[in-house]
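You will see subunit A twice below: alongside subunit B first, and alongside subunit C after that.
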Partner chain A sequence: MNLTLKSKLLIAGGFLVFVFLFIPFFISFSGRSDFYFTLTSVALLSIASAGVWLTFYIGRINIGQGAFSLIGAYVSAILVMKAGMNFWLTLPLAGLFTAFVSVLIGLPILRLKGVYFAMITLVLTQVVTLTALALPITNGARGIVSIPLPRELSVFGVTLIPDLGTMDNPKLAFYLISCVLMVLTYWVLYRLVNSRLGQICRSMQQNEELASSIGINIAYVRIIVFAISSFFGGIGGSMFGAIAQSVYPSTFQVKDSIDFMLNCFLGGLGYVFGPLLGTFVLYFGWDLLFILDKFQLLVYASIVIILMRFLPNGLLSIRFSNLRRKSD
Partner chain B sequence: MLELKDVELYYDHVYALRSISIYLNQGETVALIGANGAGKSSILKAITGLAKIHSGSMTYQGQDLTQLPTSTIVERGIVMVPEGRRVFPFLSVSDNLKMGAFTRTDKGEIEASMESVLERFPRLKERFRQAAGTLSGGEQQMLVIGRALMAKPKLLLLDEPSLGIAPKLVQDIARAIVNINRNEQVTVLLVEQNSRMALSISNRAYALTTGKVSISGDSRDMLHDERVKAAYLGGEI
Partner chain C sequence: MEQILVNGVYLGAQYAMIALGLTLIFSLMNVLNFAHGQMYVIGGFVTYTIYGQLGIPFVVALFASCFTLAIIGALVERYLFGPVLKRSAREESSMLLAAGIALLLDAVILLLFGEKQRGVPKIVDGVFNWDFRIIIPYDRIVICCLAIFCIVAFIAFMQYTKTGRALRALAQDRVACQLMGVNVDRYSTIGFALGALLAGLVGGLLVTITGVNLGMGTPTSIKAFMMVMIGGAGVISGAIAGGIILGFLEAFGLAYLSQYGDITYLLIFITLMVFLAIRPQGLMGKPWG
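Our next item is the complex of A and B:
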């Protein structure tokens, strides 16, 4: 995208004002505080989608992010419930643990490409769901419930996040925190794509053998990228569990994994902010089609197919298609 | 400088190389000729670690190569220009060249290498910001050679640089190879189907038949060798 720095800053600033000021004001005036849950979900799901987008960036179709989100959700739930830890400490641990698991899984499977990698990741979500059903520590199908709201987070006596349990409006707090995490995620993603590692990823996406022949350690890069990708999945999942105050094996299912992937496709694989837009549109689209009742899935699926047919490069390509052709 | 001894390599039980022994002295240009499927590319892949050899030894400047990953081999100065003019199609010419310098640690001197590559191939300068996939075949070949030079090679492995290129450009490419070898003291291992060109710009040559070296010697002698003429030079003058 050939935007000038000034217009980039304007768009970013406008987005922040919209998310952090306009929406809270709008909701408090309209009294529709149920919107908070929807928008918070969009923010968190877009974090997980950002991870999926990153695996696309090294040329791998990832339909397994639900697995990593579920792992992240369980790690936090277990640490809070069994070890009595503060949720805010468990959040990074959930991300790291998920990244660690993804390295173990990635070592054998990242060698695969195309449909083979996609199929294995698809099965992965099912495997994690079944594992959660079977293990004692995850409490099987009954899941982990009645998780207390996150306690206060303070550093050197300074309260960064107040105790959500004692707040009048924890929904607003969750919304704001989730949006901060979302902004951080996409900032990291943006920096990454514009870094040396981003350049390496692009070269690997275009031709792995060639990338390897110029001296890139492609196996290593793949693992790193997959770990970052899964880290995002774990963070999104962990936050999701904290808001729902419960985690079940069905909290993230194969359908969620597919949705994460669709979010990326729909928003545009060529754009860092594609998965963000894709998550928003798909989530709201699905909700709005609620009025169609039993035709909801049919119409929804048809619209997705039509969009992909006519906008193969995603929604963001509408506006930038001309610029893109010129710049790269 | 480089020595391969009794190298064997197979893919899924199909032998590609049987007991290959070749060597390169510092500063030489050595040609590797042979028919399709003779194993020429496999030799280059074995040297760069892209294909793991089954047995035999490979030493470069006295050090064993067989266990090293490709990234380390490139770092030590062995750089391959793969078959089929392979560029990163959606990256610009400039980014393609920069990727070539990936393993270099002397970041300050990369700019100077870029200058010298652009001086050698002025066409690339004109197309600097263009996506590499939109270049013509000949320009892409210049780009891949330029990209290899960006790595500051000590040993350059070229896989069929003349393939699918107009005769006029083949001469340019041949001249560039001679120039790189003489002026930049780069040792060259040149794989070619265009045996006449390869033999005329190299010091020594190996002819390969189904994974084995069948004839080897001085390039000038090989040009006049009856067996070579019959098998590799065909009726062409």
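Our next item is the complex of A and C:
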């Protein structure tokens, strides 16, 4: 919180070195290339979780991020398969389309508050899953399968991202690209929170009526924030579909929406990097518990409950609570 | 047409009971109980074990389901929700806890009862047939009547007993209730246990018709959320109305829309979203819960 600029830069630099240099070296050294998939998933899911966190920031419990991730994944898959577009072009389009949908849906439902908003977004996830099952273009329950790997992306003849289909190690490439996206997302989120919009969001989190009485157009801010949040969800989902090379209606369902919310809670709602930490702990923890075989779910659930029982304000609250006490 | 109406009543009665438990817990604790569907499944499995496997009479099995769930509910409130709600900076943290409990109960069900679909022998044989206009098995009639009886008993309990009055007061205003000398902690536990008990009771009743399996938990929770949203969160009459409305919608949808594919629920969801955009607090809810 009250870190100096220098130590902030140091932490950020350390994190980047760790993610982009240390982990690839470690994996190539230990030969556990299956970690790439896990870590790539963590990076992508944390992008979607960042969106959920942003809606928390205006005081809304969002359990509908799975819906937007699924929309993003389908938009990319359909554009690649039916229109033959380059995946890297469809990625921003998926995000924009998702944001557009979220504006349409958000206009009525953002008027709801508290538990009502939570429940309606939960229902929204179910609506999108059912729509994907019913529409002909999404190919129903069979889903869209064998999507080709992303082609190369070049601007004015300069290759930015090589053709992933011909690479020896597409896993590493996917990992690096996902991490770049993740870093960008959290950078945007950090800037957003520390901007004027972030301050408006904080005021809305505390009291919307008061915020509107001093001249903030709360309806407009709500829609903007919800659209940004869904944009993150769409990007994360679209990239996830490209890595899995397939999209099914069950790719993102109610359980995933709840997981996104849990990631934010577990990391701590008061801290920008909470969802990143939460996603990492939950996803990695689940994978590590694989050795317990049939007791995996039991132990996992117990850990979540115990964490919530003793740290109800999130993992980062250990620091957070000390700081708050000082400032009181 | 008569058949559809009868199906609607039957579905509505069972849905109303599921929604009652959820709305009770919500009104008392302001907790959205994600684990409600899992509690329902546990109730079903307890009845299955006692009635289906051990061959003990159905009524005893039902009581065992209620008893098990009441204990689970009381323990969960006393040792998990109560302390967390007191310590947490934001009351939404209870949602993570509820989701965690849903996972835990899923794990427990998986370990104790396995993942197979289970059914029990019918409690009453035969089919009621009125001139081929209404065809309904006798066991469904029995279950439907039992469900309606339980709803009436629950309302009477809430309305006329001392415990019920205390619970209603607690739902209205926690602090005022405490000032009137009600032991708030104790009645929170009782209320949570009662809500869980209702879930177990429905589970026990419905296992005789639909059977029970591990995957039923989350869809049941979602249906219960929908009913609560239709009727208004935290209002008992709203939960009953929501359950009956959803039951009828489903009965009509299955009768008239099934030729267009599986779109009944899609339409119900979309209608619900439009409805909530116009009336956010549901049919009978207080504005902003």
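Annotations for the structure displayed:
To be clear about the criterion, the second predicted complex is superposed on the first by the 320 of 328 C-alpha atoms of A that agree within 3 Å, B and C clash if a C-alpha of one lies under 4 Å from a C-alpha of the other, contacts with A are read in each partner's own complex, and residues count from 1 in each chain.
To be clear about the criterion, a residue touches a chain if its C-beta (ideal position, glycine included) is under 8 Å from a C-beta of that chain, and two chains touch if they have at least 3 such contacts.
If you're wondering where the values come from, they're calculated on a predicted model, not measured in any experiment.
One of subunit B and subunit C touches more residues of subunit A, and that partner is C. In the superposition on chain A, contact of A:Q206 is made with subunit B only, not with subunit C.
Look at A:G114: by the touch rule set out above, it reaches subunit C but stays clear of subunit B. Looking at the shared chain after the overlay, A:I216 reaches subunit B, while subunit C stays out of its contact range.
By the touch criterion defined above, A:L262 reaches subunit C but does not reach subunit B. Within the superposed three-chain model, A:S302 lies in touch with subunit C and out of touch with subunit B [touch as defined at top]. Of the two partner chains placed by the overlay, only subunit C lies in contact with A:A134; subunit B stays clear of it.
Subunit C meets subunit A in the complex at residues 26, 30, 32, 34, 80, 83-84, 87-90, 92-93, 95-97, 99-101, 103-104, 106-108, 110-111, 218, 222, 225-226, 228-229, 233, 261-263, 265-266, 269-270, 272-274, 276-277, 280-281, 288-289. Listed in rising order, the residues of subunit A touching subunit B in the complex are 199-200, 202-203, 206-207, 209-217, 328.
The touching residues of subunit B, counted against subunit A in their complex, run 48, 50, 69-71, 73-75, 79-80, 82, 86, 88-92, 95, 98-100, 102-103, 131, 147, 151. Within the complex, the subunit A residues that touch subunit C are 61, 105, 108-109, 111-116, 118-120, 122-124, 126-127, 130-131, 133-134, 254-255, 258, 261-262, 265-266, 269-270, 294-295, 297-298, 300-302, 304-305, 308-309, 312-313, 317.
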